[in-house]
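Two complexes follow with chain A in common, the first pairing it with chain B and the second with chain C.
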Partner chain A sequence: MNVFINGDAMVLPETINSVSLLLEHFHLEQKVVIVELNQHILDKSMHAETILTDGDRIEIVHFVGGG
Partner chain B sequence: MLKIGPYEFNSRLLLGTGKYPNFDVQREAVEASETEVLTFAVRRMNIFEANQPNFLEKLDLKKYKLLPNTAGASTAEEAVRIARLSKASGLCDMIKVEVIGCSKTLLPDPIETIKAAEILLDEGFIVLPYTSDDVVLARKLEELGCHAVMPCASPIGSGQGIINPINLQFITEQADVPVIVDAGIGGPADAALAMELGADGVLLNTAVSSAADPVKMAKAMKLAIEAGRLGYEAGRIPQKRYASASSPAEGMVFS
Partner chain C sequence: MSERYSRQMLFPPIGKEGQKKLREKHALIIGAGALGAANAETLTRAGVGKLTIADRDYVEWSNLQRQQLYCEEDAVRKVPKAIAAAKRLKAINSEVQIFPRIMDVGVQEMEELIEDVDLIIDSTDNFDIRFLINDISQKHRIPWIYGGCVGSYGLSYTILPGVTPCLNCLMDKLPLGGATCDTAGVIQPAIQMVAAHQSAEALKILAENLESLRATLISFDVWKNQFSSVNVSSLRNPQCLSCGTKPIYPFLDYRIQTKTSLLCGRDTVQIRPSALQDMDVAYLEKSLVSQGINVESNPYLLSFSINDARVVVFKDGRVLVHGVRDILQAKNLYHRFLG
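The block that comes next holds the complex of A and B.
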């Protein structure tokens, strides 16, 4: 599946078809991350049921140091 | 006690989390500061380096309230998007609205700041806008319903201290919401002065994180803010042009 993650084009294995599986794939399931799919912010409770499709634009953001 | 929206804090120091030499120094500095509010920024994650340590993960979140900022936004729309992302973490509902209007001075865009604050207030955020020391703008942000106003002392990270104490005092005198002096603090004297001018709190980052000894500076800032606040509550004497003797004029041995 072809998707964009944080602006970069990426090819995902076909088995990675939900947001939860995507986070597991990158070992992010224990991290404090926020996911936006096609400019819609997803609550954590939605990660398992949200299906990924070809061409999706995904943002994975987190908190970093700042003032 | 500092009250911002529904939250109450014993400490009047809000501390930024950027630019520390390393996590150990940062953790020690945070502890020394005795702050209860930590600011963060929201950024894209490097998904290929999941193991990279993150300061947030080292924190006891029962001890601290998170105040994410919208730094990097130059429009209301961008600020709102960052604010919503931060809230979706489920960790916080406060937001420091920071919409930069000038890349050289990092001074805020007042019009976009107002727009963003309006939208975020409607959505139930606890809104703390970063603003210039403009007195009327601070009042308008308060009238909009902002839970605090955060005028800068001087440009972000400049360490110039309070460049317009008159305006700052006008703002603290008129405000019915907390005034938190945010940005530009250089040393403890600046932080103490902000509090003496009637500020309810001080938000700083670089002054601590980039000090030669951030841990010691964190403690110095904590003490300065406490001293400044006590001084404000005590009511300082007015300034006079000429001297007035502290010892009695009567009973001199050579009269």
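The block that comes next holds the complex of A and C.
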């Protein structure tokens, strides 16, 4: 599947078809993240059931503590 | 106003009026590490009226690669960061009133620090303190600017009480065991990018140009060449315990404050006595020396080594124990030498 993540065009393996799986794919499942899909912020409870489709534009922001 | 600010006043959104407003303002920077040093230098050069900079730590060699206000001598002499920062900032711009505070900022300290303050800039390295900043900001209606950075990645968001979501709305839980600068490293350009976003927003707030604020959560990776700007206004939660319609400011509850904490993943434990009070450091030094222990000291702290651990005692009674893996080992050393 072809998607854009944080502005970059990316080809995802076919098995990665939901937001939860995408976060696991990037090892972000334990992190506090905000996910925007096609300019809509997703409620965290919706990550598992939100299905990705070809051409989706996804922004993933994870919080870090350093400074 | 002097030639010093001429280029900034030529910039129309600031102008002479903005410069005057900036001069009347008081900014509080919590943390004098990499982000704190960068933000403090920008605001000092820009001519803010007053700048308070609070930090609990002292300068070490590993800081010099990115903490732009410090030099080798500061690391050799273990100068507290607040003091070393103030010295450098005063040399940069003697017109700015700089108030250095060597302290571990908790609830009580925060209530005292925010008096007369117009803006808080987060330059800390952990979320415990950020949630405290977030609650105090909501309680006293003072804006604050979050910044975080690890590796080549960073992010920032400006929180305006009554306008934007707060940190408690954006993050539904405290992240545990995340990467830190001490485990994953950090590079100076990522720090500069976060600080640039923070201090640009700070200038807008202090010069009262609020309509130019960014209003999005930005994040970027300067190594992977990614940038993202997300509108998070829909996450403002009316039921939020920090900023909702019935706030209880949960993070200002003194009972949840820890007295010992592991410092940003670097084998260091901080022990903070329940009541901070000035410590007789000279007496302690004498007694350690009489036990044949080699002690190093400066007017703000003393340090000594025991086996693989190094103990640093600040005048306010706080102790850092380096080179230990757990809190128990640190407490043992603490009680052995400090009662």
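One rule holds for everything that comes next: the second predicted complex is superposed on the first by the 62 of 67 C-alpha atoms of A that agree within 3 Å, B and C clash if a C-alpha of one lies under 4 Å from a C-alpha of the other, contacts with A are read in each partner's own complex, and residues count from 1 in each chain.
Everything below uses one rule, namely that contacts are C-beta pairs under 8 Å (C-beta built on N, C-alpha and C of every residue); 3 or more make two chains touch, one makes a residue touch a chain.
Keep in mind that what you see is a predicted model, and the values were worked out from it rather than measured.
*Asks:* Once chain A of both complexes is superposed, is A:66 in touch with chain B (first), chain C (second), both, or neither?
*Replies:* The answer is both, since A:66 touches chain B and chain C.
*Asks:* When both complexes are superposed, which of chain B and chain C contacts more residues belonging to chain A?
*Replies:* Between chain B and chain C, the winner on chain A residue contacts is B.
*Asks:* In the overlay, answer first, second, both or neither for which of chain B and chain C A:6 touches.
*Replies:* Both chain B and chain C are touched by A:6.
*Asks:* Of the partners chain B and chain C, which touch A:36 in the superposed model: first, second, both, neither?
*Replies:* Touch partners of A:36: chain B and chain C.
*Asks:* Between chain B (first) and chain C (second), which does A:28 come into contact with in this model arrangement: first, second, both, or neither?
*Replies:* In the superposition, A:28 contacts chain B only.
*Asks:* Where on chain A do the contacts with chain B and the contacts with chain C coincide?
*Replies:* Residues 6-7, 31-32, 34, 36, 41, 44, 59-67 of chain A touch both chain B and chain C.
*Asks:* Report the residues of chain A in contact with chain B in the complex, numbered from low to high.
*Replies:* These residues of chain A touch chain B: 5-7, 26-28, 31-34, 36, 41-44, 59-67.
*Asks:* Can you list the chain C residues touching chain A in their complex?
*Replies:* Touching chain A: residues 31, 33-36, 122-127, 130, 147-150, 153-155, 170-175, 178-181, 184, 186, 191, 194, 217, 219, 221, 226-228, 230-232, 234-235, 264 of chain C.
*Asks:* Considering the complex alone, what residue numbers of chain A touch chain C?
*Replies:* Spelled out, the residues of chain A in touch with chain C are 6-8, 31-32, 34, 36, 39, 41, 44, 59-67.
*Asks:* Can you list the chain B residues touching chain A in their complex?
*Replies:* 16-20, 26, 39-45, 47-48, 50-51, 54-57, 66, 68-69, 71, 84-86, 88-91, 156-157, 183, 203-206
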